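Data first, discussion second: the structure below is written as C-alpha cells.
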Amino acid sequence: MTDKIKIAIFGGSGYGGAELLRILLFHPNAEIVLVTANEHAGKAVGEVHRNLFGLTDLRFEKAPEDLSTLENVDVAFFALPHGQALSLIPQLPETVKIVDLSGDFRINDADIFKRFYKLEHTATDLQKKFVYGLTETNREQIKQANYIANPGCFATATLLALAPLVKSGLLTGKIIVDAKTGSSGSGAKAAANTHHPQRMNSFYAYKPFQHQHVPEIEQHLREVGEFASDFVFMTHSLPVSRGIFASCYLETSDVLNGEDAKKLYERFYQESFFVRVVEGSPDINWVKTTNFCDIAVNTNGRQIAIFAAIDNLVKGAAGQAVQNMNLMFGFEEKTGLILTGSNP
Amino acid sequence: MTDKIKIAIFGGSGYGGAELLRILLFHPNAEIVLVTANEHAGKAVGEVHRNLFGLTDLRFEKAPEDLSTLENVDVAFFALPHGQALSLIPQLPETVKIVDLSGDFRINDADIFKRFYKLEHTATDLQKKFVYGLTETNREQIKQANYIANPGCFATATLLALAPLVKSGLLTGKIIVDAKTGSSGSGAKAAANTHHPQRMNSFYAYKPFQHQHVPEIEQHLREVGEFASDFVFMTHSLPVSRGIFASCYLETSDVLNGEDAKKLYERFYQESFFVRVVEGSPDINWVKTTNFCDIAVNTNGRQIAIFAAIDNLVKGAAGQAVQNMNLMFGFEEKTGLILTGSNP
Amino acid sequence: MTDKIKIAIFGGSGYGGAELLRILLFHPNAEIVLVTANEHAGKAVGEVHRNLFGLTDLRFEKAPEDLSTLENVDVAFFALPHGQALSLIPQLPETVKIVDLSGDFRINDADIFKRFYKLEHTATDLQKKFVYGLTETNREQIKQANYIANPGCFATATLLALAPLVKSGLLTGKIIVDAKTGSSGSGAKAAANTHHPQRMNSFYAYKPFQHQHVPEIEQHLREVGEFASDFVFMTHSLPVSRGIFASCYLETSDVLNGEDAKKLYERFYQESFFVRVVEGSPDINWVKTTNFCDIAVNTNGRQIAIFAAIDNLVKGAAGQAVQNMNLMFGFEEKTGLILTGSNP
Amino acid sequence: MTDKIKIAIFGGSGYGGAELLRILLFHPNAEIVLVTANEHAGKAVGEVHRNLFGLTDLRFEKAPEDLSTLENVDVAFFALPHGQALSLIPQLPETVKIVDLSGDFRINDADIFKRFYKLEHTATDLQKKFVYGLTETNREQIKQANYIANPGCFATATLLALAPLVKSGLLTGKIIVDAKTGSSGSGAKAAANTHHPQRMNSFYAYKPFQHQHVPEIEQHLREVGEFASDFVFMTHSLPVSRGIFASCYLETSDVLNGEDAKKLYERFYQESFFVRVVEGSPDINWVKTTNFCDIAVNTNGRQIAIFAAIDNLVKGAAGQAVQNMNLMFGFEEKTGLILTGSNP
C-alpha cells in the first residue's frame, strides 16, 4: 500500500468522473481519497454509478471550502464543466499535480480561448505551466509536467490521425476532418439532443465551423510539425452511446502509396501501445470502453484518407488522463489501462 | 370542402399532438382550425415538428382565454398532460365533441382516480358522459358518444389482447401481463430515463404493481365480460423509439387447442380492420407508425400466451383518437388511417 | 379505374421492392399487375412484407419465361441486384417504359462500368436511350423519356447537395464528400456487416476511394455544370436502419456569405417540392420513410459545407423511381409520394 | 508462472469463445495452450476478435485429430454448437477437467434431451459425472467436480431469480417467467433474425412454450427445493446487443411484505459476490459485459415479481464458466472476473 498515490477527483458524477472511477478504483498504484459531486454529496458512488455497485464503499463528498488543505493529495483530476477548474486549480497546494479534463487550460492564447469558450481566462500565468496531454506526441514533456491539460475527445482522435503526416512534411493543401461523436459526449445530463426517441434514428451536423476543439487542434498541430494549412473541422452526432470517428482528408505533394503511408504511421506509433494501425477502417465497435485509438491509412494518388476511432470517454478523456498520470508518476504507461473491449 | 369538420387540438407540441397533426392534416374530412402549444405560440408547426416542414402553413397558438367562444369547432382533441383537461373541457361549448387522450376521464370511480393519478377528480358529472374509446370493443357506443376518453397506450394493447378470451368465459385463475414500451411513451421532453447514452442499452421494469393503467384495464374488462380474476400488470422500458408489446399469460378451465383459440380471436375481430391476427408472435417492427394492432395466440394445454403489438403513439393514442372521431361523425372507420408501415 | 397505368415490379422481395409496393399500392393512378420474387413465388406479398399484411391480396410470382408477352404493362420497375436488368430489359416489348433502380444503366462509358461493377455492359445501344433519373436536375428530359436509370442512394444525396454550386460556376479546388448510410442500404439479406450485435455499436468506413457511385456522380456533375475538380468520395456505415447523410466540403473562388449561399439553393430548388432547404443541418430523423431531401448550406469565408439527408430507400430508390414515373406519365410529380415522416 | 493452469478452448471464434478469451487471457492463474476454430485455423485471435488485437499473439488452430494427446491440458472449455461436445468430450484424457458451455450435458433425462434438442444423447454414462454449474446454488458440488455443464443464459437469470423463493417453501400456484434476450444470444453468425435493419426496431416473442432451457430450469428447481408448480417460460428478442432480463411472476401462500422478501434474497446470496440485490428493478445497462446478476424483489400482497438481469455472454456463459473453473481449481471465486461495467 505504501506505493499508492493519493488521488482527488473533482466532478465525480459526470461521465468523465464515472470513467475515472472505473479505472482508478482498480489501478494498482492509486488510492482515491476524495471524490466530489455536490448534488450527490453523501451518496455512495455505487448508487450513482450503478456499474460500480458492490465494487467500492467510496462516497461522494462536497468539494472542501478550503482547497489549500489538500496537502496529502498527490494528484487531482478535474472533470468539471468548462470554466470551473480555472478558479479552483489555483487554490490547491502547489505540491498537488493536476490533470484537467476540461478545456480550461488547453488554449495558450487568451483571446482565442475567450472567442471559443465565451469565458475570460483568469489564470494566464498558470496556463504557462500546463502541458498538453496528448500522450503519444508529448510523452517526454508529460513525464516532467505537474500540470496537464487533457485533450478534448475530438481533438484526441483528430490529432492522432493527423500528427504523423503533419510531422512528415509531405502535406500540401488544406485538411478536412469530418468527425462524429456518440451521445455520451454530451454528458450525463438529459437534454433535447440526447432524447432517446429522437436520437436513436438521428444523424446530423452541429456547430459548423465553430467547434471549440478547432483552436486546440490547430495549436498542437503547429507544435507537431510545420502546419499552416487551411483546416476545416466538422462535428456530427452519431446514434451510439460511445465512440468518436474522425475521417481526415489530406493531400500530399507527391503520390504516396498505401504501403508507405501505413509504414509511416506504424513507425510514428511504434512505441505507442494504445495506437493500433489497422487495415481499411477502424470501427468504434472495437475500441468502445478501451483506451485504444485504431487508425487506418488509405491513399489514392495524392489524396489521403485517414480514419481514427476512439472511445470518447476513455482515450478521449479518463483513460488518457490516467495514461498521463502514469507518466507523471513514473509508472508503466499502461498500468490500469488494459480495459479489454468486448466482441460484440 | 363543405363536408370537412372543424378541429381544435389542445396540446400540439407533444408526441400525441405531433401524431394527431400528421394524421389530421391529410384526413380528407378534417380541417384543423386551432392547434395550441403555449411555449411554441406563434411558431410554425413545421418548425417544431420538422417532419411536417413544407407540408403545412399551420402555426401554434396560445389556448384562448375564453374557451366558450369556440363555437365553430366540431371536435376538440386534448393531448395535454394528465389533469389539465379536467378543468378545460367543462369550459367548452356543449356542441363541441371531445376526444381526450389523457387519463382524466378514463376512470369512473373518483377514489380510484385519485389513488392512481394523485389528483382530485373535479368533473365527476361530466365523467358520466364519457365513453371509453377502445374502438374495437365499444364501437356502437362510440358512434353515439359526444365525449370520448381515449384509452392509454398500455391499456389498448392489453385490452385488445385480453378481450376475446375474457368475453368467452373460458378463463380461470389469474391474468399476468408483462408489458413493454418504447421511449416515446415518456413524452417529448428530455428526462433521465430517456437519456440516449443510457437508454440505448437499457431494459428495466418500472412502477411495479402501481401503473395507472391498471384500474383502466380492470374497469373495461368488467365491461367486456365476467371478469373477477387477479390481475398482475407489469411495465418495462424498451430501447426503441416506438411500440408497445404486451405478453399476456392466461389459463383456461379446459384445454384449448391453438387453432380454436386463433379462430376465437379471428371471429371477435372479424369486423375490425386494424386488428390483425398473426402467427407465432407479432413484432413491433411491423406496426410502427401504423394504426394496426397485431395479435398472436399460443396455447399449451390450459396455458395461454397472447402477444399484442401496437405503436404507442398511433393505435395507442392519436390513431385511435381519429378512429373514434371517424365513428362519431359517421365517416368510414379507417378514413385517414391507412398509415402504411415500412419494411424495414 | 380507367386512368390507372399497369405496373410490373421485377424484384419485389428486397427493400427496394418493398418500398415500391408500399408506395404504388396506394398510388391513385397505379395498378400493380405483376410483382416477381422467384424465391417467394406463390406467397402473399403481406406474408413477406408483414407491414403490408391486410393491405393487399397481391402475390409474388416467378418472372415470366417470355418477357415479350408483357404487352399490357405500361411501366416496369426493376429492383434487382446489379447485372440482372442488363439482360432482362432488352427482352421487354418496346412499348413498356422502364425505371431501373439498379446501377446497370447509369454509366454511359462501358469501360468505366466494367471497372466499377466488374461486369461486361451487354446493352450499350440501349444504354443511349436511358435518361439519368435525378428528378430535380433532369426533370424535362425525364418527362420525355421511356427509359430511366434511377440514381443510386449515395449519388442522389450527393448530387442534390452539389448541383446548385457546381452549376453556379463559383467553385474552385477539390470536392470532398463524406457520406454515411444506414444498414438497409446493404439490402434485405442478412450479412456479417449487418449483424445486429456488431452493427448497433459500429461506425466504420468502407470501400475507400472505390465506391461504384463515384463515376455516376462525376458523370452527372459534368452534365450539371463545368465540373473538372478532383472529387473524393468516402462511404461509411451508420448504426441506423434508414437514411443517408452526405457532408460535402467545397471551396469558392471568392468569399460567399451564408445568406447568399442559402438563397442560391432556394432558387435552384424553388420548383422542387421534395427538396427542403433547412437551417444549420438536416437530420436523417426528419426524412426517414419520406421522399424529402433536406439540405443545409454553411459557409466560412471561402470554405463551404453542404449537408444533405435522405431516406436511402425512398428518395434514394423507390420514391424517386415513382417520382420519375409520375413525370413520364404526365401525373403531378408528388402523386402518391406524400409519405409524411413522423415525430419521433 | 508455475501456478498457472493449462487451458484448451474448443470453439474460440463464436461469442462464447470470444468472451472466454477476453477473460482468460488476463486471468492470473490461466495459460491458454490451445484455442480451436476450424474455419479460422492459422489466423491470429486478434484478427478475428478485433477487440483483442494487440493484446495477444495467440492463433486459432484446428482441433487435433486425436484428443487423447492433450494430456498436458488441465481444463478444457467447450463453446461449440449444441451436439458437438457429446462426441468430443469422451475422447479427452480423464485427467482433463471439463466445462461445457453447450446444452449437451445439462439434461439428465435422455428422452427429454432428445425432445428439446432433437439429438440422441450418446454419452449417458458420462452425463452422470456432470455437475450443473450454477455457481451460486451448487458451489460445493462444483468444487469437487471434474465435469461441469455450464447453465444456459436464460436458465442462469431465471434460476437465480427463482431459487431463493423456491427453496423457501413459501410458494403456491404456477410460476410464469417472461424472459428477454439481446441479439448476441443468437451467436456470431449473421441470420435473418439478427439482420440490423429489422432487429433495431423489433421486439417479438419466439419459440412459445418450446424453449430448450425449460427442462434445464425445471430440473434444477427440483434440486433447489420442493418444486412441482406449473412453469410457463416465454422467450423474447430485445434490440440490444447484450443482456438478459427475466421477469418472474410468483405467488406466496401468505402475504409477504417487500422488505422481508428482499431480506430473504439478501440472505440467500450473502456469500455470492456476483449477485447484487437492488431496489425496484435491475437494468441490463448496469450488468453488460460483467459477471454480475442484479436482482430486485417486489411484492403486492401474495403476488411477487422478481426481476433479474445478466449479461448473456458473461454470467450467462463465459464468465460463469470461469467462475466454475476457479472453484474447481481452488482459486478465489472472483479471480479474473472483476469485469467492471461502465457508465454509460
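Think of it as A, B, C and D in the order they're written, each chain with its own count starting at 1.
Note that contacts are C-beta pairs under 8 Å (C-beta built on N, C-alpha and C of every residue); 3 or more make two chains touch, one makes a residue touch a chain.
Just so it is clear, the model here is predicted, and its values are computed rather than measured.
Colleague: Work out which chains are contact partners of both subunit C and subunit D.
Modeller: Common neighbours, subunit C/subunit D: A, B.
Colleague: Farthest from subunit B in C-alpha centre terms, which chain would that be?
Modeller: Result for the farthest chain: A.
Colleague: What's the distance between the Cα centroids of subunit A and subunit B, rounded to whole Å?
Modeller: 46
Colleague: Report the inter-chain centroid distance for subunit B and subunit C in whole angstrom, where each centroid is the mean of the CA atoms.
Modeller: Their C-alpha centroids are separated by 36 Å.
Colleague: When the centre of a chain is set as the mean of its C-alpha atoms, what distance in Å lies between subunit B and subunit D?
Modeller: Distance between chain centres, rounded to whole Å: 40 Å.
Colleague: Return the residues of subunit B touching two or more other chains; collapse runs of consecutive numbers into ranges.
Modeller: In subunit B, residues 15, 184, 188, 197-198, 200-201, 239-242, 283, 344 touch at least two other chains, as defined above.
Colleague: Where on subunit C does subunit A make contact in their complex?
Modeller: Contacts found on subunit C: 174, 176, 178, 180, 197-198, 200-206, 208-209, 230, 232, 234, 236, 238-243, 245, 247, 249, 251, 280-285, 288, 296, 298, 300, 303, 305, 307, 309, 344.
Colleague: Can you tell me which positions in subunit A touch subunit B when the two form their complex?
Modeller: 15, 182-184, 186, 188-192, 194-201, 239-242
Colleague: State the interface residues of subunit C toward subunit B in the complex, per the touch definition above.
Modeller: Contact set of subunit C toward subunit B: 15, 18-19, 22, 25-26, 49-55, 184, 188, 241-242, 273, 276, 278, 283, 286, 289-290, 292, 313, 338, 340-344.
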